[in-house]
Structure formats: C-alpha cells, structure tokens
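For reference, the structure is listed below as structure tokens.
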C-alpha cells in the first residue's frame, strides 16, 4: 500500500494491520520521552486547504514523534493565494522529495488527484464531503480498545450525515469491522440512497436505546442559515444526546470540536461514557501507524510482528 | 511547584531559584551549539489566543534549546474559530499528553482555569490585564545581573499601568526582591487602589531623577481613541523618557515592542542605559529555567546545585 | 563573506564556490535520511514581510536538513502589526543570537539595512524589486547541471522585467557566468536603461528561436489593472511561450508559481524542456550551500575540497 486515500480501499485485514501497529505505538506515546528515530530525516508535508486544529496537530505530533521533519503549508499566505493550481503546488512540493504529503482539501477526490501527481505517499486528511480515513481508523481503534471487537456492535451515527466525511468513512469502516450501523438525523440531513452503503436509517432517536455506541456528529451553524434545519434549538430538541438519552452501558463518541448544548449536552460530554479525549489520543498513535506502514512498512522490519525491535527502538538505542 | 500562574504565588526564594537556574542556562545559550537534551521527547504546546512575537518565539526557542517538541496553536484558523470552548480545546490538547501548556489569553484568570483542566504544567504567558509572570522573572533577572541585588533599588514604572499585566507582575516581583516601586502616569491610566500592592504613586515625572531604574511601559494607540489620554503627543510631552530625563547612572527598561517617539525617544532606546535587548536575551534563558524547574526540576538532578551535569550536558555527551 | 545581500557582490569564483558546495549537498538531499548535523544547535530566523511558499519552505528545509533550529516570523500576527520598526524587530531578534537571519521585505535595500543592525549572517530572500540572489544561484546551478557551463549560452528572460527582482539578479548572475542575456517584453515592462547591466533588449519574441534557454517570468494580474498591459489575453498572444515557440533543443525555466495559460501554455510546462521542478529541487541544496558557506564555511572544514568529511557526515557517524 502506497497511499491512504479512502477507507473503502481497505480490507478488514488491512484496517487491523493499522490498528495493531497503532497498539505498538501506544507504548511509545505513553513514555516520558515520546520520540523514536524511525522516520529520521524523512520529510512530511502538511498541505491544508481548510482550517484544522486537531487533524493537523495530530499528524504533526505523529510525524515528530517518529523523528520526521514536518513542513506545514496553509493555503493562506502562500502561492495558492497567488492563483497557483493544486497540480503545480503538488509538483513543486514533490521536488522536495517528501516521503509523505498529508492533504486536506475542500473538494471531494482531491487526495486521489494529488496521488497521481507525486511519488510521495499521499494521506487523505479530509477531501470535501467524501472521506476522512484516518478519523475512521482512530474511531475503530478507540472502539476496539473499549469493546475488544466491533463484531455485532450496534452503532448509531447521529446528526448531519449529509455533509459529513467522517460519517461516510465511519459507516464503511465500522461495517468492515463487523458492526451494524444506523444513521440518524432529520430527513434534510440524511443523504438519499445512503442505505446503499449497507446501513439502516432512522429519522428520530426513538430506537437509540438499542445502540451500543452513539457517534454524534458536529452540527455546523451554517446549516441553519442554509435552511437544512429550522433552528439549532429545534435540532437540539430532537437530536441532542443528553442525560436522558444516554444509558450507562453506551459509549459516546464525537469527532470534535463539540458544539456544547447543540448536538451534545454538557452533562454527557463530561460523563464516563464519553470517549472523546480517547479519540484524540488515538489520533496520534493511529497516524503514527499510518506514516509507519506507508513509509517504513515495506522494509523487512514491517514483517516482524513486534515492531518495537529494532526499528521503533528508543533514541537511546540507535536503530 | 507544578504550574507558573502568578508571580504573587512565588516567595523570594522561589524567584531566586528560577533566576539561579537561568544563570546556569546562560552558558548554554552563549555556546555556538545551543542545544541540550534535557527535555528530549517532551511536548510543549504554545496556545496563544492573542498575537505575540516576542513571548511566543522566546518560549519556542527555550523549548527547542532544551530539545522539547513544540506545537504552536494560534486562535485563528483553528477550532477556536469554530466556536470550541477553551475547556474543550484544553481537554483535547491534554489528550496529547503534553509536559507543558503555555497559554496567553485575553481574559484574566484564564491560565488558572486551564490548570484545573489538565495534568500538564501550565505556564501563564499573559492573562488579560492580570499577570505575565515570566516577563517579571526576566526583568528581575536582567536587573540582578546589572545591580547584583535589587534590595533598596528605586524602580519607577512609567506609563499605562492600568492596562498592563507587565506592570502588575513587576510591581509584585520587584518588591518581593527588596526594591521600592513607584508607578507613574496620568491619573486616568493609574488603577485606583494600586497602593494596596505596596507601591507609591506619582502623577508626573518630576521625581524620576531619584530612580535607579526606569521601567517604561508600551502606550497602545487604542488608549487614545478610548479617551484615556488627550493625544499621543500630549502623553509624550508629559511622560516620554528622553535624553533630558534619563541620567547616566539610571537603567532604562521596556518590555517591547517600543513605540519610538511616544513612551521613549529614539535617543534613549539606543543609549547605553537601555537594557531592552538584554531583557529579550534574558527571556530565553528564564523560560528555559521555568520549563526546566516545572518539568525536570522534581527529579534528583534538580537537587544538584550545578545543573550542567548530567541533565544539562551537551548533546555530544549523551545524558 | 558574512552576508548574501546581492548577486552583484559576487565574483564568478564566489558564485562557483556556492555551486560546488551545493553539488556536494545534492547527495545528502537524495538520501532517504535527509539530515546532517552540520548546523546542529544554530538558530536560523526566517523573517518574511511578504507572502511566500517556495522560498520560505525551501530555506526551512535547507536549515532543518543541516539540523539548525528554524524560527519562522511572519509580518502578520506579530509585533510588526503593532507598529514596531524593522530596526527594533531586528534588534530584538538579534538578542536571540541567531546564526542567520533570512529576510524578505517589500522595500529595496531592506536586507542591507538589516545587515547593519545585527551580527548574524543576513541572507536576502527578496528585497522589493531589487534582488533575489538565492534564486539566481539556484537558476545558475540548474543550468550548469544541464549545460555543463553557461559560457556563451544565449539566455532570453521574457516578461515583466520591470517589476522582477528575479530578472535583475539573474541578468547579473548569468552574465557573470559567461552567458549572453537578452531581456524581452512589452516596452512598458522593460525598465529604461536596462542595457547598462550588459544585456540586449527585444520587444517581441521574433528572435527567441536563437535562445538556448528561455527564462519566463511570472505575470502578476495586478499589472493589468495598473495598465502596463492591455489585457492578459493580449499579453499572452504576444509573449506566451507555447508549443510553437519552444524548440526541442531549448531549456525552459520559470521561478514559479506559474500562471498557466498566461506566460506559459500548459503544454510547455509539462514538456521535457521545462526544468521548473529541477529549479525547486535546486533551491534546497543551494540554500543549504549558502547557509553552510556563511555559517560554517570559515572553519577549517571549509578549506577541505570534499565537504562530506567530516562536517557533513551523516548523523550515524557523529561529527
């Protein structure tokens, strides 16, 4: 595998390979000295055409923990503002001989285009409303840690499914791992034909008590002004997960950042069922795993089942 | 000590402990190879909700010189713009398991709130008009180098005391070190009841010739439009430190950036009495000391009076 | 040599010294582990008062590959916005004891001013319409690799010569290396008296088939609104390099970012004659060479003809 463009490209076995690798990195991330020399002297380019705190910083930390050099490019203040095409920008960056390009772009399919223009490994960090595969991997990783396995788990994805690349990638990933997915939201925010992905559809939270996992999506304010919903208050009344909805045996997930009081009540965010900060923590080790598998995984060290020796050795024992 | 939130929390002995540690780092900062492995693999998050050049870059250099990984977050272009609360942002960042969070925020008390939400060491890099403790430490450090000790020194702090967190932290710190502080400015820019901090008040520069040290504050242009002063020219006529005011035996300080021709004349900025660049230089070593004391200082190496062995050893002699 | 302010300051021999050093770094840049410890613990400050993707990232990669610490300053969100003068900003930064300051500024001569205010090595990364010496060096490097030598080569520089610091630096550099330079463009975009630099002038592409190298400049949209040209379409009709103009034996260069369909047709950008990505690649190794020569080149290792031993040794063999 040379790129990570879409969860739909991955078999269950390939997803598990990323998760197993991430498990091996969890130990590194828990150390006081969070640094291994695995990708020393390799260049990772973060090319973000949309604002991002979590995803960018998570990739940056993942790359730095593996000792890679990270260069951040934002679309503002750059040659993109001077009108350079995405293709020319990517070809310029490829001249730096990067090991990986991490790209977020507002257009669906952008990451796949980029992969056609460079010999670097391309990692899709979100392309329009289409996919966000590393988010799906970190969510599966978080759930697997909690549940042992996802087989047979009932997962409800609640909210603005229509505009969510997270929803799309997660429907695919959760099902690939054996879970049963239901998407839930107002009819205006559920894409027509979403059942073709294999999931069920619900237009109210009435049956959500059956779910093992509730995955709440971010409601963006602009959806209200675009008339998808009558008001945020009305949306919250029907689809907010609050203390009455959430049962003690359920797991609550959210990709962040949360709109407190809209899709989630303050009470459930701070409840023991919520694994939101575990998801953030998982983001770093899963992205370390993705970088490792794409950049170092083809070497002999990747064959070894235990990746901690020798290529993930600590700095004190030079590799 | 696990956080640095306020100068008011520190005893004279604790302030001196930071200064002594900073002295030991001054040697590192003077080397050609400005790098020690002390905080290798530790994560330092710079979370700046206000624009900053000096303070942010100074913390960044301090952390990098100690080999820590630095991640910069600015409030713009981030999840903060998407409406995420400070608490949720901090909880997200805490999931990265940082050793320290350096925070600047427009609201007084923000750093203390952050400290309640994370197990990382929290360093206040300026919270509203309240405090800027590392600025006070670097100013005390700079003065101690010049004067030997601050005991009995007469220090005038001149300008917009009302809106200045630097003034507040420095009044406390200078007095804790034995100095006598007078604040001076137009009545509209001196906070009512400032004498409760132990300082004297003057409404003109008439007595400034008695001062051993003149600490000039930055006059922000917006104060004029807010009608605190009739005009910058009028302000400068009454409170500018210029060649007529400054005597050869006095020391002139300023936290930067300077408004040339407003609070200081060009002549005095470039005079031998001015220690403004010494203050900037002190900023790096004092912030190295703060990071060291909070993150590494609890270990056995902190007991050793000479920190250069073994934890501050050069890269060439692995620690 | 302690600064790189202008190509006009360099003899042919000095230019060749930079190029030879860059050749020695090309091997490092081609390795999987792109990292040498040459400038470990040295501080490089990138001070950019104009937007830049290529030049800033190229210097950043060059410095990081040499293991220097890089601090980026942009004019926005900084004390520059608070009205600080360039001199005060530079004096503040000098207090950090940087080994080098890389400066881009909209005013001609800014880099030379900076050099007067700091003991750091100053590298001009573009000062107004005056000079961009590292661009000239990377262009000469790219051509020398293709042609062996520039002596007698006929080079046409086509486009907005008037507003181009790249044109100015390249006219000087190409001629210093023995090439014959012709500048070509509409009369409104050719500066009066440019012949004083030693080049010829053409107001149409009629004779361009004689050229060995065509160096196309970026046409900035704002030139049209400023009435230098009637329209971009009209400009393109007369001065665009396209498949009919470009002969198979010619080399096509452009400093980037390209306006596709204006100064170059899509067809020629992707042709084998175009060396645009080679120029970008050359940018990193040439800037490594400049940093090396200015910061490390005065030591004994610089006398050694082969720089790879010992100061450019790989990380695995500590220097």
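A, B and C are the chain letters, set down in written order, and residue numbers restart from 1 in every chain.
By definition in this document, a residue touches a chain if its C-beta (ideal position, glycine included) is under 8 Å from a C-beta of that chain, and two chains touch if they have at least 3 such contacts.
Just so you know, these numbers come straight off a predicted model, no measurement behind them.
Chain contact topology: the protein chains form a complete graph, every chain touching every other one. Taken over every residue number at the interface, the positions common to chain A and chain B amount to under half, indicating a different-residue contact.
Summary of the copy comparison: rotating chain B onto chain C for the best CA superposition needs 120 degrees, to the nearest 5.
If each chain is reduced to the centroid of its CA atoms, chain A and chain B end up 39 Å from each other.
By the touch rule above, chain A contacts chain B in their complex via residues 29-35, 51-54, 57-58, 60-61, 64-65, 74, 76, 221, 256-260, 269, 276-278, 280-281, 284, 315-316.
Within the complex, the chain B residues that touch chain A are 40-43, 69, 71, 73, 77-85, 88-89, 91-92, 94-97, 318.
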